[in-house]
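Could you have a look at this structure, given as structure tokens, before my questions?
Should a chain be cited, it is by its letter among A, B, C and D, assigned in written order, with residues numbered from 1 in that chain.
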Amino acid sequence: MNPVNYLYLASLLFTIGATGVLIRRNAIVVFMCVELMLNACNLALVAFSRMHGNLDGQIIAFFTMVVAAAEVVVGLAIIVSLFRSRHSASVDDASLMKL
Amino acid sequence: MENLIALLVAAPLLGAAVLLCGGRRLDAVGHLIGTALAAASFVIGVVLFADMVGKDAEHREMGQHLFSWIPVEGFQADVAFQLDQLSMTFVLLITGVGSLIHVYSIGYMEHDERRRRFFGYLNLFLAAMLLLVLADNYLLLYVGWEGVGLASYLLIGFWQHKPSAATAAKKAFLVNRVGDVGLSIAIMLMFTTFGTFAFGPVLEATGETGEGKLTAIALMLLLAACGKSAQVPLQSWLGDAMEGPTPVSALIHAATMVTAGVYLIVRSADIFNGSPDAQLVTTVVGAVTLLFGAIVGCAKDDIKKALAGSTMSQIGYMVLAAGLGPIGYVFAIMHLVTHGFFKAGLFLGAGSVMHGMNDEVDMRKYGGLRKYMPVTFVTFGLGYLAIIGFPGLSGFFSKDKIIEAAFAKGGTEGWILGSVALLGAAITAYYMTRVMLMTFFGEERWRSRPTASPAEPSVEPAAEHHGEHAEPHPHESPRVMTIPMIVLAVGSVFGGAYFSLGDRFIHWLEPVTEHAHGHPPISALTVTAATVAVMVIGVGLAWLQYGRGPVPVAAPRGSLLTRAARRDLLQDDFNHVVLVRGGEHLTRSLVYVDHTLVDGVVNGTAATMGGLSGRLRRVQNGYARSYAVSMFGGAAILIAVTLLMRAV
Amino acid sequence: MSFPLLTATAVLPALGAIATAAVPAARRNAAKWLALGVSLATLVLAVIVLVRFDPDGDRYQLTESHAWIADFGVRYELGVDGIGVALVALTALLIPFIILAGWHDADPLETGNTRWRPTQGFFALILAVEAMVIISFEATDVFLFYIFFEAMLIPMYFLIGGFGDRAHEHGEETASTQRSYAAVKFLLYNLVGGLIMLAAVIGLYVVAGNFSLQEIAEARANGSLEMATSTERWLFLGFFFAFAVKAPLWPLHTWLPNAMGEATTPVAVLITAVVDKVGTFAMLRFCLQLFPEASKWATPAILVLALISIIYGALLAVGQRDIKRLVAYASISHFGFIIMGIFAMTSQGQSGATLYMVNHGISTAALMLVAGFLISRRGSRLIADYGGVQKVAPVLAGTFLIGGLATLSLPGLAPFVSEFLVLVGTFARYPVIGIIATVGIVLAALYVLVLYQRTMTGPVKAEVEGMPDLRARELVVVAPLIVLLIFLGVFPKPLTDIVDPAVEHTMSDVQKKDPQPEVEAAK
Amino acid sequence: MSASAVHSLWTTAADPITKIDAPKIEYGQLSPTLIVIGAAIIGVLVEAFVPRKSRYYTQMFVSVVALAAAFAAVVALAAGGYGTTKAGIAAMGAIAVDGPALFLQGTILLAGVLGVFTFAERRLDPEAHGNRVDSFAAQAASVPGSDSEKAAVKAGFTTTEVFPLLLFAIGGMLVFPAANDLLTLFIALEVFSLPLYLLCAVARRKRLMSQEAAVKYFLLGAFASAFTLFGIALLYGYAGSVKYATIAQVVDGTIGDINPALAGTMGNDVLLLIGAAMVIMGLLFKVGAVPFHMWTPDVYQGAPTPVTGFMAAATKVAAFGALLRLLYVVLPGLRWDWRPVMWAVAVVTMLGGAIVAITQTDIKRLLAYSSIAHAGFILAGVIAASPDGVSSVLFYLGAYSFVTIGAFAVVTLVRDAGGEATHLSKWAGLGRRSPLVAAVFAVFLLAFAGIPLTSGFAGKFAVFKAAAEGGAGGIVVVGVISSAIAAFFYIRVIVLMFFSEPRPEGPTVAVPSPLTMTAIGVGVAVTLVLGVAPQYFLDLAGQAGVFVR
């Protein structure tokens, strides 16, 4: 199967994730969409790695997972604290600062 | 000897400096210092004169170079003096009459607390006037020119607390400025044409340039002359200038300063000779003015304004003469000198009358004063005879010569100018007789009436002693005032005869302003006869009107012409409507433009910036997702553009 | 390496400013005396410069040159030609009078606050301005000049916005808003000008590779530095714009009336008599030397603008109801004359323009400072609030009149010499413009005399009754200025001798010859 | 993809391993980073083991010492010629040690020191229950106003974790501009971003805004980094490697023999362009360039002011460093593609920032927008695409960071009952109340406005000059215009401080401890020195202007 298809899939996932970020209100969901984008990147990396026949891509993929995990830690911490003080995880509610 | 020339100017200048900076501690002696220095200057003048007469006609001109004034690449202006017969004539006239009037003022200004300053100003005037006539180049002359303007400004407005006086002073200065523009442009033209503006080089080089240039220069000089000598169309200030103390009117606005224009024209003879057109214009200006002034003089009830009108018209004669070229220059100057005598005398007389009449100036409230102030009456009378050209008196000689010369111009011009001059002579006789009769003859209209109308509060401190509403007690003025009048009277009686017997004056001035004998189409005798005839007619008319019957205290409405003449032939109204009003509108609208348009653009830009900012910041709506949108869009554009750049 | 005299003339006031600012709040008068002393010392230095300067010597003298910012091709280069010397002297001369005149203008209203030290600030700022102005007259490095040309805005800005007339007809609240409006307007106008100039300065660097005035001028002269016509014109416009704002030239003038109206009179004098001169000076020094061709190309347009300034400024002066704004518009008219003289491209015009800068400085100082004394007595700037002052305060009136006569350039007073030179110089090459410009003379007489008549003459107004005459301090301020006006009017030779050679250099820079008089040409 | 290729891939992996040669690490040249990261880890341990009372001082001590040591190391390296002659690649090509890297690391470290000082300031707020408090929450986890927080305050807790977080962030920033392959770039990005997200959330006052800022920053940051990562993937796909050098060679076409099997991807310019665009976009997000700037105002306003100050200074430095390296080392071959784009970005950034700032009413937001405008000015230097451009940008960054930290430090001083009084109206008449503070702030504002004799002017001149020489004269004109617009609002603040009457209920100016005083003092000093005698630092930047590749 033509490896380029993996790339198409990756871009598709990436776009879906991005769209989710743009349209979803709940911070958690938005965050999950970001994760989806990261996974799309991973897919692309791995696909390229196979095509080039070297391991760099796959290594990056591993790093990405770690980073994603770290982001989850930090992100959830922030979102939860926000939720606790506002009793809402909607990103639209968090708009004290504007203009 | 040359080195004395500077002293002529220095003496009165020193006086001015001392008196004006000296402060109150000089109040006691101020007038004496001033008079002394004026007299000193006169003495120096006489000494120089003696020396000059000693030499033969060709070597009489002398000069003194003081220092280089404005040395700039290609532009040399020096402070240097030139004393020739022409200047000398003026020096003697200025310092002589000036000194007399200083003396007169001692009495006239006695009760004025600011007498010291008055003398300071008078000295300043003398200095400036002498600088004017002694300068050896036009730029330095310009300094004196504006200097006398300043002095006249200060003196007209001497009683500054009187709004009318302040306004008159301002008006005089402004109108003169217009003339001065003419002079400065003339100087620039000389500079660009001849590369210099010293009398000698310029006047020698006139031959080397075209007539057009000369005409331009000459007309500009004429404009300047009109301003200073109150010739139409710049005459309007002279009447108002009578707001100043009477000695000022006598010295500045009759004898000396106002004749500076004539001096300028005669001094620039070569330029005018080079341009017949300019000369024609000059004669026309003179002719028009001499009628204008005369007519105005007939209508005024204010004695000083009547005399002012007459001054205007007499100077008209001089300008006319000067415009005639070599046949007229000498007579212009001669009339200038004689006029200096009798007009100064007349003004001093008028002042003396006012002095005795609680400063009343309205001749309709005079009458029969000859009994009360005999000296004034006599001196004034002699001056009167002189000015109307009573045979044998000075005015007769000088004016008659001018009328001859006018006819001698030849052609229709000659006839027109000559007859105008004749007509002027008739009118002169008329209005002067009117003044004479209304003031010294007839019933005593000043009795049993409230004095000076409260509307115009009397201003000279002298009056305050008399009290406002008390009936005036006409009295002769003190010696210190009468003596100068007498001296001037003598001058105005014999001056003319002395000058013209054996053409003394002609020979005296010929080396400077070469003289040509005019040949009038009609014999000189006829002209003289005509002159005398019209004079008699004028006197007669006046007698019929003011001598026989009583003169009404309230001025009758009078004919249209009279009413126009009372208002200076509406010329002021014209100025007011066109210049003053128009100017006010112009400035007001410009102020508006500056504020709304020029400034508005600036503030407008700031405002639009603010508005733009206000609109743009709405994008920052606080919603994280919309921020994400802008990022996403941005990324998309970034990618698209990069790809497109490559595609194209 | 001799003693860096020029640096000293600038450093001394700068240090003085710091020292003055450091004076503790309580010792207010100490600060005043300190500032006065420093300014006088600076004057002494300036006089030394004047003496050491040899009119017939090199073009730039007392030069100093040190490496500064090599990366920007910038050197610390000072040097004065005749024009620079004259203006340095003028600055150093006027500052002591300004300080003396503003002696009480910055006394704090509330004395409780020990932190707030307006007096110290006021005099420190004045000295700072002096330092910057002087160095920008001395700089022969474009960048160095630019730095101080811009930097001087800041102290000026605080002087305008921070200190105003004591009693203000509209009350303190509106006064302060008007003040800050004026200050902001001043700053933004000049900043925009300066920034546009910055673009041109950078452009100049790109073209020339360094900022040394002399090097560039030489390179231009001997053709080793070619500049495309369009480039030269753009650069010229960039420079000229900034200077025209500073000068100010119509229609970039509107900041001046606000600034001069709202600032205290000494500061107003500082603006118009000293700071604005940098603009006209720079036109002469930089525009003409760096971009001769473009200058000639732009001359007609500039002359027309100058002409408009002359007439327009004078007319608006006639229309003013506020004494200080009137003087401001009069200054606009005078700057029109200066610029006209510069761009007439004749020796008379440019010498006249240079003299004009000096004379206008002195005459405006005289007129404006006396006006300030008048205003401080009555607490109003409106002409209508005065009348008959000469009766109660003759000396004040007299000095005011002399200042006025100088402003209308009466012969015998200094401004006449310069104004006439400018007119002759312009007339020689552009007769029509020269003639139209003479209208300005009449208008000048009009606004000065109207001002004098309305304020000084006529019946004494009730509020004016008992107005004290000039005090000793005020007399000390005015008298020397008047003496100077008369002296330079009667005997300007010392000044012209210094200025003339410099002007000749400039003329050769722009490769212009004076038009020959017709007759001599015929010979 | 053919089976053989797969097989070969397997076989290589399947070979019997005889020995592993350990990766070669130049500890000396990496020391600055290592020191800081190590200190950060120590900081974590400190949190774990040191008693609460003495944590604050221990942490402060550790951080300061670590940063100082790291700075010393940087200086030593620079002195050792690692910036110029001995510049080279370290850590198996992951990290470049060259002029720009060292210069920026030095700047970041100094900013970090001042940052620590402002973090450690505990004199501004009134004491709570007898405990000195800093600008950070007693217990970030507890809900603001809840009992638990009250208890925490009563107990005198303080969030000393901020110090290790700060150190981690600095560590990441040190790597970021030095990263020599895309992986390192990405890791560094995350390493310094995540701590900053947290730091934003832990303000003592106005916690809601603080948390909101954190969330926005975090989500948008993550979003951006996702883009970056995808871009990295594409570049990798394009070049078959993530090493800058290799990619650059592929771009130049110096690597000729492209495996025909990979012709579809390798050397495919579409991948290159899209990838490059996405990576650059991630970096532009960090520098806050329009249109990726919108997080800036909100985050700057919400975050605790010391954090804002540090972030505003250091993040810009690091991000611009990375951007420069990417554009100058990886994509010089692509100059004709990216220059116009950056041109446009720079223009909209300058104008946008300046114009929107005009109508701001909150001092922190105002500074945020001004920082956006400044990003635009710096981009002008980036566009120059010449060594001069690099050094000018380096200089500008150095100058700018000190001004920024100083300015925000001053902001922390002006306080009223509700903490910092950031609303402009409260600053009215500050010049009357405390002339010194107002004067200092005025100096910073003038530097921002680029008035001569301040570092701001020198920097602005440097970048504009470089841009003009680089043939981007248009940028200079736009820059000049936007500086004029920008001047307007800086002046507005000055007017407010000096020429408006003080409000009776106006804020008080707290007297800070020597820590903040130092920060401000250094800021002023640098501002003036760089303004009057910038030559030495220009030389530094000039020598540092060459990238190694």
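Note that in this section a contact is a pair of C-beta atoms (placed from the backbone, for glycine too) under 8 Å apart; a residue touches a chain by one contact, two chains touch by 3 or more.
Keep in mind the model is a prediction, meaning the values are calculated, not measured.
With centres computed from CA atoms alone, C is the chain lying nearest the middle of all the protein shown. When each chain is reduced to the average of its Cα atoms, A sits farthest from chain B.
Put simply, the C-alpha centre of chain A and that of chain C have 65 angstrom between them. Chain B and chain C have centres, each the mean of its CA atoms, that are 37 Å apart. Chain centres here are Cα means. That of chain A falls 24 Å from that of chain D.
One inter-chain figure worth recording: chain B and chain D are separated by 81 Å, centre to centre, where each centre is the mean of the chain's CA atoms. Counting partner chains per residue, chain A has residues 18, 21, 30, 91, 94-98 touching two or more of them. Shared interface positions of chain C, defined as residues touching 2 or more other chains, are 188.
The set of chain D residues touching two or more other chains comprises 215-216, 219, 223, 227, 297-298, 488.
Interfaces, counted as pairs of touching chains, are A-B, A-D, B-C, B-D, C-D. Within the complex, the chain D residues that touch chain B are 215-216, 219-220, 223-224, 227, 269-270, 273-274, 276-278, 280-281, 285, 290-292, 294-295, 297-298, 336-338, 340-341, 344, 352, 355-360, 485, 488.
If you check the complex, the residues on chain D that touch chain A are 1, 5, 8-9, 140-141, 143-144, 182-183, 186-187, 190, 194, 197-198, 201, 207-209, 211-216, 218-219, 222-223, 226-227, 229-230, 232-234, 236-237, 240-242, 262, 264-266, 297-298, 301-302, 365. Touching chain D in their complex are the following residues of chain B: 606, 609-610, 612-614, 616-617, 619-620, 622, 624, 626-628, 630-631, 633-635, 637-639, 641-643, 645-646.
Residues 617-618, 620-625, 628-629, 632 of chain B are the ones that touch chain A when the two sit in their complex. Contact residues on chain A toward chain B in their complex (touch as defined above): 18, 21-23, 25, 30, 91-92, 94-99.
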